[in-house]
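Following are the structures in question.
One chain, subunit A, links the two complexes that follow: it is found with subunit B in the first and with subunit C in the second.
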Partner chain A sequence: MSPRPGYVLDVDRSTPPVLFWHGEGFRLERLPEGSRVIYPPEPLPPLPDPIGAIRRALEEPLGDSQPLRSLLRPGMRLTICFDDVSLPLPPMRRPDVRQLVIEQVLDLAAEAGVDDVCLIAALALHRRMTEAELRHALGDRVYDAFAPQGLLLQHDAEDPDGLVHLGRTDLGEDVEISKRAATSDLVVYVNINLVPMDGGHKSVATGLASYRSLRHHHNARTLRHSRSFMDKDHSELHSSNWRMGRLIAACGVRIFQIETTLNNDAFPAQLRFLQRREWEWTAQDRATYLATQAALRRLPDGLRRSVFHQVTAPYRLTSVQAGEVEAVHDETLRHVYAQQLVEVEGQSDVLTMGLPYICPYNVNSIMNPILVACLGLGYLFNMYRGRPLVREGGVLILSHPTPRSFHPAHHPSYIDFFEEVLAETTDPGEIGKYEEAYATDPWYVHLYRTGNAYHGVHPFYMWYWCAHALEHLGGVIVVGGDPAAVRRLGFKPASTLADALEMAADVVGPSPSVTHLHAPPLLMADVR
Partner chain B sequence: MSTRTPDPRRALPGSPAAARALLGRAKNTLRRDLPFPWSPPTWPTSVPAPRDRPALGAAYETDWARRYPVRLVRAVLLDNVLRPAVHLLAAPEVRGGELLALLDPPVVFVANHASHLDTPVLLSLLPPRLRHHTVVAAAADHFFDRRWKAHLWAGLLSAVPVERHRVNRRSAEVALGLIEDGWNLLIYPEGGRTPDGWPQPHRGGAAYLAVRSGRPVVPLHLRGTDRMLPRGADRLRRGRVTVTVGQPLHPEPGEDARALAARIERAVARLAAESRSDWWAARRLPEPERTELVAGPEAAPWRRAWARPPDPAAPRPPRTEDELPWLRDRRAPWRRRGAAP
Partner chain C sequence: MSGLVVERSLPRFAAARAWSSLRGSGRAGEVGPLRLADVPTPSPPGPDWALVRPRLAGICGSDLATVDGRSSRYFEDLVSFPFVPGHEVVGILETAPAGSALAPGTRVVVEPVIGCLPRGLEPPCPACAERDVGACQHVAFGRIAPGLQIGYCRDTGGGWSTAGLVAHASQLHPVPETMDDETAVLVEPTACAVHAVAQAPATSGEVVAVLGAGTLGLLVVAALRHLADPGTLLVGARYPHQRRLASELGADLAVPEDQLPRSVRRATGSLAAAGALSGGAAVVFDCVGSAASLRAALGMVRPRGTVVLVGMPGPATVDLAPLWHRQVVLQGVYAYGLEHLQGEPRRTFEVALELAARCRLGRLVSAAYPLERFEAALAHAGQAGRRGAVKVVFDLRSRRPSSRPAPDPGAPR
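Showing the complex of A and B:
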């Protein structure tokens, strides 16, 4: 039976309570009659032979690119870049797609007699990956072959000797990327395109860039004009990256882009109820839910977090394409939309969503309040094409415990940002005056370069990520969150969904229309 | 939900207290409808059910409930259990009941809806020739969402499922077919029980059926059931119910369902005003005042609930010192003996 597309449910009295993610837990909430619930499409069937599909993609590239085999020659300088730990979410079961692709690229390089090969994790300003994370992404075979030789690098956006300034775009944007990549004869970039934002020119122009380059598109103005940044054609973020990518190509950096898409199979069989529509829950699903909830309630916070971060997704490959960047990306988007797009008629006054335990920036880490805001107002709010799911001046209701806790090694600058900057202002346009100090702070730079810390400026980017939503919405309410932390973010706390809906009615008027985004698994609303 | 049953662990085994406790627990278990996910999920009305799923909701077949053996059992239950129980608990007063004797069935009864008691009360007050030939339009998503509930309500009250949140051709055709077969239909045009005691706007289903079948609509109004068993309550209280019967409304030639629906709504509102005063006073009230009187203020839910007038039939608790003279005496009770009043 072919997988069912996404579904928009009209809630009536027969609708059972709807599952909300609530950090490292869940809530079952009864939505008002007349509300809508948007369910993601079911997982598309995977490619029957992923290895063969990757091989074919490398042999039959898209656009004006030659097959990878013919681009490789002895004596050349080859750099293979790959997405970091932020993709996919949750991390996928081994073998990771990056491993499958890179092993085949390396096979071809070995056949062609290429000696100068280097692998770079395209971190941008993200934290460095641990050995376990690298082994998970690349496989032991690749790790053991390259890491001991010092040929498995992690991009360092603060290394003055490891960066090269390629020039400025027509709009004066600096383009500064990894010197190793820029001076290679060929850069092979291996993407996992979990959402439509990923891939394209953004891979190199962001993943291998420096702060000097990134600040041109990671700012409040650009992100306010990205509507949404999941929709390339209406995203200023992407326009800027495309300008930079074309400049990089014009400077002679040859990029062979490999993009992969995954299906929506985000949770293992033990958590199957997370991917089912509530009225289809079997006795087994209900028993699993009750047992999971009972167990989670009894676990201490740290252990509960560890349990969730052990979850690996049985994602499967649905497409792989390689070749020239723009041609590849257009084909990739087609596959991502085929999996994630759900047609929705019209906007609503209130949008509700349950936030899970994970976002791209807290893999094996703590979801601090700033990341809660980023996941809700940045990522999930922007999962639309056309118009946001909630009308201008509407209210967003998030469900998350929002604990006031931070991972000191991963997010050191977040702590200061939360205590100092957000205490002053929550306006993304205003916080820019503090950005330079955080970006150039020697201690944060040191932790970023030598530890596993996100760059000092990263919390600012997370807040800029929320800029469009903050400008669009009339209010944000967090259900079940730590009140002090929620207020610091500039949002309103509520104990229950019913309270939140009543508070929302004060903003949008009585009897508001309500839409619930039943994600993850991810979906993208095509709002007409 | 509080239960006043003794704890069986504290009662002596075999004692009356232990027996009462066990009985209470069994009753609680039976009465409690375990919430999802402890019980299986209900199926949303808007989602087409798969073929292998038993037909519930608006698709539930109720033909079996109108076969003679079932009708006989139902008639026995209605006449010998339901009617006495209603008279015992609600002591209903009927105003304009004589109009019922003049009715030429089949007709469409429409009434305001405030409580699950409305249907038993109305059925028990209808004359036998109407009572035993009346089907009740019941919300498909509430009364027919589980198999046992569908069987119970179809068998006991001759309920038929109607879709109330959207137009459902099957529901409409079934109801129309029953009227054409000679069955009276009792329907609540508000589409559900009032959340705040004030009536809700009417929907057009009753008027549509009347226009399509050409049969008259009999407006009815109930007052008092919401205080005996309001929405959300789990315990039934005794009380007094007043049922007001209005003149039948015949669809005029060329009148469409929308116009008839408005006429029905006005007629029920007039009955509501009448139940608060008398027929003549209600007739003399200007339309806007009557609307305000029976529809309540347009305000937040709590203000609407606050604005509800006290039920004239409900006994007022004595509170003043004149009514309770001992309130004036602040001395301890044992010191009052022999004291001057």
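Showing the complex of A and C:
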């Protein structure tokens, strides 16, 4: 039976309570009659022979690229870059698709007699990955072959000797990227394209860039003009990256792009109810849900977090394409949309969403309040094409506990950002005046370069990610969140969904239309 | 006449210590050393003394430490029992001291430190000769019983009594007509804050941190903002209302207490190692006085910087290795005297009177209780921060047993 596409349910009297993610837990909520629930498409069938598909993609590249085999030669300098721990979410079961692809690339390099091979985790300003995370992404064989020799690097956007300024785009944007990559004869970039934002020229122009370069598109103005940043053709974020990517190519940096897409099989069998529509829950699903909730309630916060972060997704590969960056990316988007796109008719007054325990920036870490905002107003709000799911001046209702809790090693500058900057203003346009001080703070730089900390400027980026939603919305309400933390974000706390809907009515008027985004698993709304 | 009296009773002090540690500060109640009793009107020790009838008398952290049995035993020989507490006092002169221009009926604030002059000691000690009464060397000697201050001396009485107290002419400061009692009762702690700022190293253009934002911390913030010129003034305050008030009084940034070291690090562009910053604030005012606050202060002061101990400390176990290694100056500041602000020598109380008026400090008075409700008053003062209060006072203007509700401490008056 072929997988069913996404579905828009009209809630009526017979509709059972709807599942909301609520951090490291869930809520079952009854939505008002007439509400809509948007369900993601079911997982697409995977490629039956992923290794074969990868080999074919390397042999039959897209665009004007030659097969990878013919680009490899003895004595050349080869750099293989790969997406970091922020992808995919949740982390996928071993073997990770990066391992599958890189092993094939390395086999070809070995056959061609390439000796100078280096691997780089394309962190941009993300935290450095731990050994366990690198082993998970690359597999033990690759890790053990490269890490002990010092040939497995993590991009350092603050290494003055490790960066090269390639020039400026027509719009004056600095393009400064990894010197190792820029001076290689060939850069192979291995992507996991979990959402339409990923990949394309953004891979190198962002993943291997410095703050000097990133600040040109990671800012409030650009993000406000990215509607959405999940829709490349309407995203200033992507336009900037494309300008940079073309400049990188014009400077002679040869990139062989490999992009992969995964199906929507995001949760293992023991959490299968997360993949199903509530009215189709079996007795076993209901029992699993109740048992899971009961068990989670008994666990202390730290242990509950740890349990969730051990979840690995049974994702399977649905496509792999390689070759010239833009041709590859166009094909990738087709596959991403095939898995995630759901047609939706019109906007609503209120959009509700339950936020899970994880976002790209808290893998094996804590979902702090800034990341809660970023996941809701950044990532999930922007999962649309055409128009946002909620009308201008509408209300977004999030469900998340929003604890005032931060990982001190991963998010040191977030703590100060929360206490100092957000205490002063939550306007993405206003916070920019603090950005430079955080970006150049020597302690944050030290922790980013030597520890496992996100760059000092990163919380600003998270807030810029919210810029479009903050400008568009009439209000944001968080159900079940820590009231003080929620207010610091500039949002309103509510104890229950019913309270939140009443509060929303004060903004949008009585009897508002309500849409619930039933994700993850992820979906992208094609709003007509 | 009724008044609150502290008696020397080691079992009661021990019981108060145990009880308050279980139930919270200010809750020693009947087991503690404080009693409401009939007290006689104190006799002036000399013609240059006056009888003052208190109108408002504040409850200070040192008072709470005393009734909680937590005061350092260092003070045992520097006080005389039984005594009536209360050294933050605005009152009315019942009698005028000989040779003074002050007339009966004048509203005054009391400068409670009892130096050589009130004690009739001639010649005065070197400090008193310089009018630096806070450093008086003779607080246990002279014609009256030992006592650092009015409010700790058997012979003078104190502010927590309708019987009144006696004060030497040199200890009286007339209150301007335009100043309300709530502002006036804050003049004494304001003088402590002024003295702390005046005695600290110059802070002009520097990053300065204030740890703790109870009454004294907030007053230090006000004094720093108006009498010094800090480049960046950072305040660590436990409670939201304290942070709001700190900002209103001049803090550039008021953050939760545990965030203060991070904010200092940010402001100074420091790194961090071994639990301390590589740089740090030029001056840290510790307005808490606990071992934890001193440890925190030592962790956020820069090498060769100064930690000013403003809050009254007690016995504390603190690793002084960072103090030694970073060559930090630990400076105690107590009371007041004569200050050399902007080159002009002025009595601390004169400066404090002006500052209190300028900053409308009466807004820090959160609740006023009659003496009869002293247990409730002390419990309120002991939990002031948690209960959204700053300064709790006794109201002796009326014998009616009433208490006005606690106003919003941030609301202008």
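Throughout what follows, the second predicted complex is superposed on the first by the 528 of 528 C-alpha atoms of A that agree within 3 Å, B and C clash if a C-alpha of one lies under 4 Å from a C-alpha of the other, contacts with A are read in each partner's own complex, and residues count from 1 in each chain.
Heads up, the rule we're going with is that a residue touches a chain if its C-beta (ideal position, glycine included) is under 8 Å from a C-beta of that chain, and two chains touch if they have at least 3 such contacts.
Just so it is clear, the structure is predicted and the values come from calculations on it, not from any experiment.
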Combined model on subunit A: subunit C and subunit B, fit or clash: fit
First (subunit B), second (subunit C), both or neither touched by A:Arg286: first
Subunit C versus subunit B, contacts on subunit A by residue: B
Partner chain in contact with A:Asp441 - subunit B first, subunit C second, else both or neither: second
Which of subunit B and subunit C A:Glu278 touches, first, second, both or neither: first
Partner chain in contact with A:Ile477 - subunit B first, subunit C second, else both or neither: neither
Partner chain in contact with A:Leu166 - subunit B first, subunit C second, else both or neither: neither
Partner chain in contact with A:Glu419 - subunit B first, subunit C second, else both or neither: second
Which superposed partner A:Asp10 touches (first subunit B, second subunit C, both, neither): first
Touched partner set for A:Glu33, first subunit B, second subunit C, both or neither: first
Which superposed partner A:Met383 touches (first subunit B, second subunit C, both, neither): neither
Least Cα gap, in Å, left between subunit B and subunit C after the two complexes are fitted on chain A: 29
Residues of subunit C defined as touching subunit A within the complex: 253, 255-256, 259, 262-263, 265-266, 269-272
Subunit C partner contacts - residues on subunit A that touch it in the complex: 415-416, 419-420, 423, 437, 441-443, 446
List of subunit B residues in touch with subunit A within their complex: 35-38, 40-47, 57, 139, 141-142, 145, 165, 300
Subunit B partner contacts - residues on subunit A that touch it in the complex: 9-17, 28, 33-34, 278-281, 283, 285-286, 289-290, 510
